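Per-chain numbering from 1; labels A, B, C and D assigned in written order.
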Amino acid sequence: MIGFAVIGCGRIGRMHARNVRAHPRADLVACYDIASQAAAETAAELGSAAARSIEEVLANPRIRAVFIASSTDTHTDLIERSVKAGKAVMCEKPVDLDLARVDACWQRIADLKPLVMIGFNRRFDPSFRAVRARVAAGEIGAVEQVVITSRDPAPPAAAYVAVSGGLFRDMTIHDFDMARYLAGDIVEMRAMGANLIAPEIRAAGDFDAAMLIMRAASGALVHINNSRRCAYGYDQRIEVFGATGMLQAHNRHDTTVEAWGAGATHARDRAQDFFIARYAEAYRAELDHFIDCVETGAAPIAGFAEGREALRLADAAIESAESGRAVRLA
Amino acid sequence: MIGFAVIGCGRIGRMHARNVRAHPRADLVACYDIASQAAAETAAELGSAAARSIEEVLANPRIRAVFIASSTDTHTDLIERSVKAGKAVMCEKPVDLDLARVDACWQRIADLKPLVMIGFNRRFDPSFRAVRARVAAGEIGAVEQVVITSRDPAPPAAAYVAVSGGLFRDMTIHDFDMARYLAGDIVEMRAMGANLIAPEIRAAGDFDAAMLIMRAASGALVHINNSRRCAYGYDQRIEVFGATGMLQAHNRHDTTVEAWGAGATHARDRAQDFFIARYAEAYRAELDHFIDCVETGAAPIAGFAEGREALRLADAAIESAESGRAVRLA
Amino acid sequence: MIGFAVIGCGRIGRMHARNVRAHPRADLVACYDIASQAAAETAAELGSAAARSIEEVLANPRIRAVFIASSTDTHTDLIERSVKAGKAVMCEKPVDLDLARVDACWQRIADLKPLVMIGFNRRFDPSFRAVRARVAAGEIGAVEQVVITSRDPAPPAAAYVAVSGGLFRDMTIHDFDMARYLAGDIVEMRAMGANLIAPEIRAAGDFDAAMLIMRAASGALVHINNSRRCAYGYDQRIEVFGATGMLQAHNRHDTTVEAWGAGATHARDRAQDFFIARYAEAYRAELDHFIDCVETGAAPIAGFAEGREALRLADAAIESAESGRAVRLA
Amino acid sequence: MIGFAVIGCGRIGRMHARNVRAHPRADLVACYDIASQAAAETAAELGSAAARSIEEVLANPRIRAVFIASSTDTHTDLIERSVKAGKAVMCEKPVDLDLARVDACWQRIADLKPLVMIGFNRRFDPSFRAVRARVAAGEIGAVEQVVITSRDPAPPAAAYVAVSGGLFRDMTIHDFDMARYLAGDIVEMRAMGANLIAPEIRAAGDFDAAMLIMRAASGALVHINNSRRCAYGYDQRIEVFGATGMLQAHNRHDTTVEAWGAGATHARDRAQDFFIARYAEAYRAELDHFIDCVETGAAPIAGFAEGREALRLADAAIESAESGRAVRLA
């Protein structure tokens, strides 16, 4: 059994805490949140303990793994402290919004050869994972084009937007990681942002929609489209086109029901509404992979470097969207 | 060029006349209808001539093929006279509503080894045809189950019902032929009729819905379901289940468009509305096959015997629906 | 927390025990199996206790609910004893293979107004449940036709067939319950069995495939098709056709991936392989419903009467298949 | 009846000639090709006359409409001469490969207020047309994103590539028109070409794959992806995402058949193979629209200006692909 602490007991932290609690090889030793009430509630719900401080968590020898789900600005500090305390770290994305801080963090921990995994949950979605495995098995030949559709059901609150780092660092970052997951390293980026949806996002100096095209080191082309609002649910699709075929992963729906009537046929439910529902299996599989890594010492498939690279792509997208120029990343 | 006369210039006769006119190896020499106005209109539309009588049609040596699309009660007489006049005959289904008359007709023409093809248009639908060809090629192993869904968009007029011979002889007859097309000869029949839709059909002593199960000589089981009304269009599907797989042919829609919105996703158009639209390609392919047979002397894949067998199954269904008993047909 | 005992720790009993263990309002107090090793393993895996006898289970006041997953021949006895011990009962289908024994069981417990729920898991499948709810909400008007496709991936072992009660009582029984779930009480049955797959099933005097048609009290028609072998997985579909539309529930697949290549497009994974995977969510929802009933005293939606009725339909199907006659059930 | 001449009797010219021949309100008066044999064959096949010269065509008062399907370099000259001879003109895309020549052509004919329609056949595809009509009817609110997938089944011959004007002017030009059809005028372009498929295309200095992103005057974003080779057929899809929903038009397949087997389920046929098959209905509808315009004097929905704008976008794409910079088109 791997002893865990979950740091950050907001919506997503609580979900992770539940997954830890339900995992047969994990033990939820402690929960911590800067708001002690949140930690207490989570601990009570899951039969765990609420830690009173980070120090208490890090000093607890029963805690072997720290799951960081607190606000983004705390990530690098918590990663560093956890690693230095000898813990394995699972940290929600993004590592940080500032590449220099990310690199500084890494410099301070690299010599410890730490186990740090970043929460790129989509890598663990059964369908996306199957696409990657089938591509790797050669089913469609060399990858030539990847199309990633990623649209949130509804815009975030203005307060969130203000600290989010902007569309590319906050939302597209998952798609950048997916691009790398499916097409490998990216060497060229062209990005276009737009304001089509939410005046308050424009007022905050951020985009609410975007289209990007990229070139991978392999030569493959990648397209991402993003929207902060989507009428039919959380739109999460990928298409990988190769020399001998194509693989698509489609949206998930709560049921398999199709309705046929006078006005329409084959009508299905909305797409599953947001990440908690859409990626429920992925989050469980992500945790399972992390536990495997803790147990075996294997490197996670979404390590610190993946967190850094996705941020680097986000920065390049910002630069390209502003300058109108292609940004080289080689 | 094969010279044609079309007899019967109602809705379906006119469609056939247009197909003859458009066929590169056919020449529409004459049109005939007991209502001379209908023949005149059709002839005018298609640059053909309106014959004044059946005799005139049969005496015309330029007419090598007669396409019978007149009312059912005229079919056997017209088949006999056309065959005796040396014409090849393409006759709309059913041959007749009375098996004894069908057999008597055949006895009068059998020695002439006539070319008589019956209008089982569905055999020529590209999808159903592909299913049969792929079954024949062994793609799904031995056929074990066939499921035929056949639902009309709206009930026929009461006047039509009165002379139709009833649901099994008028509507299911196509499905009986499809059953034989896909599963071979039928040896056992159980049928259940219902009145769920149209009071006037009940008043006429007919059913407006039905379910049937049959056993083929091969051992395969066949299910047909019928409804005289279908909210989402003309529902025409088949499923063939075999030892190593399954083939389905689905409905056709006017476009490939899918709509995604707050209430539903993947929503498609209605199914194509009725036989003229749904089987447009099939009717053209049927004519093409008939012309091939006239030119080469080959036997049509839907000959007089197929017309007879489908009627025999309809009679068995009526008997089973009334008696509650399985009817053996071996 | 509801204290549970699970009786029968075979494959399905163990799955139920795991679900009880994972349920936030249930407590797995004890496991029992006539093979003590199976009970010991299950108890060890789940941190529960292995009971040494039924008596021990029934005498334990902490056990409020008994989950019967032992062999069919033990069901009525265990139901009776559990009810008389004051326990709520969740019992796997079928209640018994003999209608007289089922009725005798009920007579001995009816006065106790027991809570007995029967394991018709499919009622709890999210898609089937949604179909029923949408039908009840009037989305497709009056139900006129129900088509149930139910094909197992591979035939059971001969030893199982011998004690199964035959295809209709063992396999179709789920579909009979689904027929009632979707169309209400059944008043007329016509059934046709076949031997198309497994010589050993024929040798055992059982069928390995079947087609049935039924009439509901409402007038609706119902079709079931069954096969003991299905090349593409566990085929579990329903279609409900009504006056103003149709609802279909389709098979489930492990991923949403579609493959496009030179030979085929839109190709998806196999259907989920068998009941443990296919109905995983349904089994959890079934347990949840049972716990709700225990807590609130509400009647389960699949009570003893549902178990009895499904068996009565199975008997009628056997009679119809043998006699070739429609069997009235009103 | 509108008298037509078809100029250019290659593969596509012959198809157009057949469509003219089959149209009930058109009369194929003459065919012309610089290779007199091609004109003679087409004329013989369709019962038309082979003109010996362009002059003969233009002098013939029975010819009211000229269908230009000859090589691209002849288009502007033929348009000008035909217009000056008082003919209505239907011209295959592109108008020319050189924008200056296109503009010069227009300057020479503009005062004549000519009827010139350009062969953007996709505007007449039933599914794309339905998408546009439903967008115009407000079904999905304001258009925010358009995704156009356009992949040819196999690369063209090297000789064709050499005179094609390059991927953007030859292939993407259809997609540029589609972008304008669905999102309106384009004001910003970023394009990325690649060489992934055919060494001979690289050798010719052309791309064989591309991804583009554009911004419309409305603010909408548009993505196009292109490939000169596609294993599963001719991939032609569009997706229009709006404020309240999304519409997709999918590929067409020869049949509706789905295959289910041990390895895959829901498997469909290849996509229809290339433009002649895929857009057969569209080409007929395009002709029908042109004839309507000739008869009524209405402006075609794909006039000379549409031909010019698509070429201007192609030029902008070339510039952006080479420079790495966004190109403004306002």
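Keep in mind that, in the parts below, a residue touches a chain if its C-beta (ideal position, glycine included) is under 8 Å from a C-beta of that chain, and two chains touch if they have at least 3 such contacts.
Since we're looking at a predicted model, the values are computed, not measured.
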Looking at C-D and B-C, which one has the bigger number of contacting C-beta pairs?
B-C
Farthest from subunit D by Cα centre, which chain is it? Let me know.
C
Between subunit B and subunit C, what is the separation of their C-alpha centroids in Å?
42
If you average the CA atoms of subunit C and of subunit D, how many Å lie between those two points?
57
Where subunit A touches two or more other chains at once, by residue number:
140, 231-232, 244-246, 251, 258-262
Taking the touch rule as given, give the residues of subunit A at its contact with subunit B in the complex, in rising order.
231-233, 251, 253, 258-271
Complex contacts: residues of subunit C adjacent to subunit A:
22, 126-127, 130-131, 134, 139-140, 244-252, 254-262
Residue numbers of subunit C touching subunit B in their complex, please.
140-142, 144-145, 147, 149, 151, 188, 190, 192, 194-197, 209-213, 215, 219-223, 225, 227, 229-232, 235, 241-246, 324-326
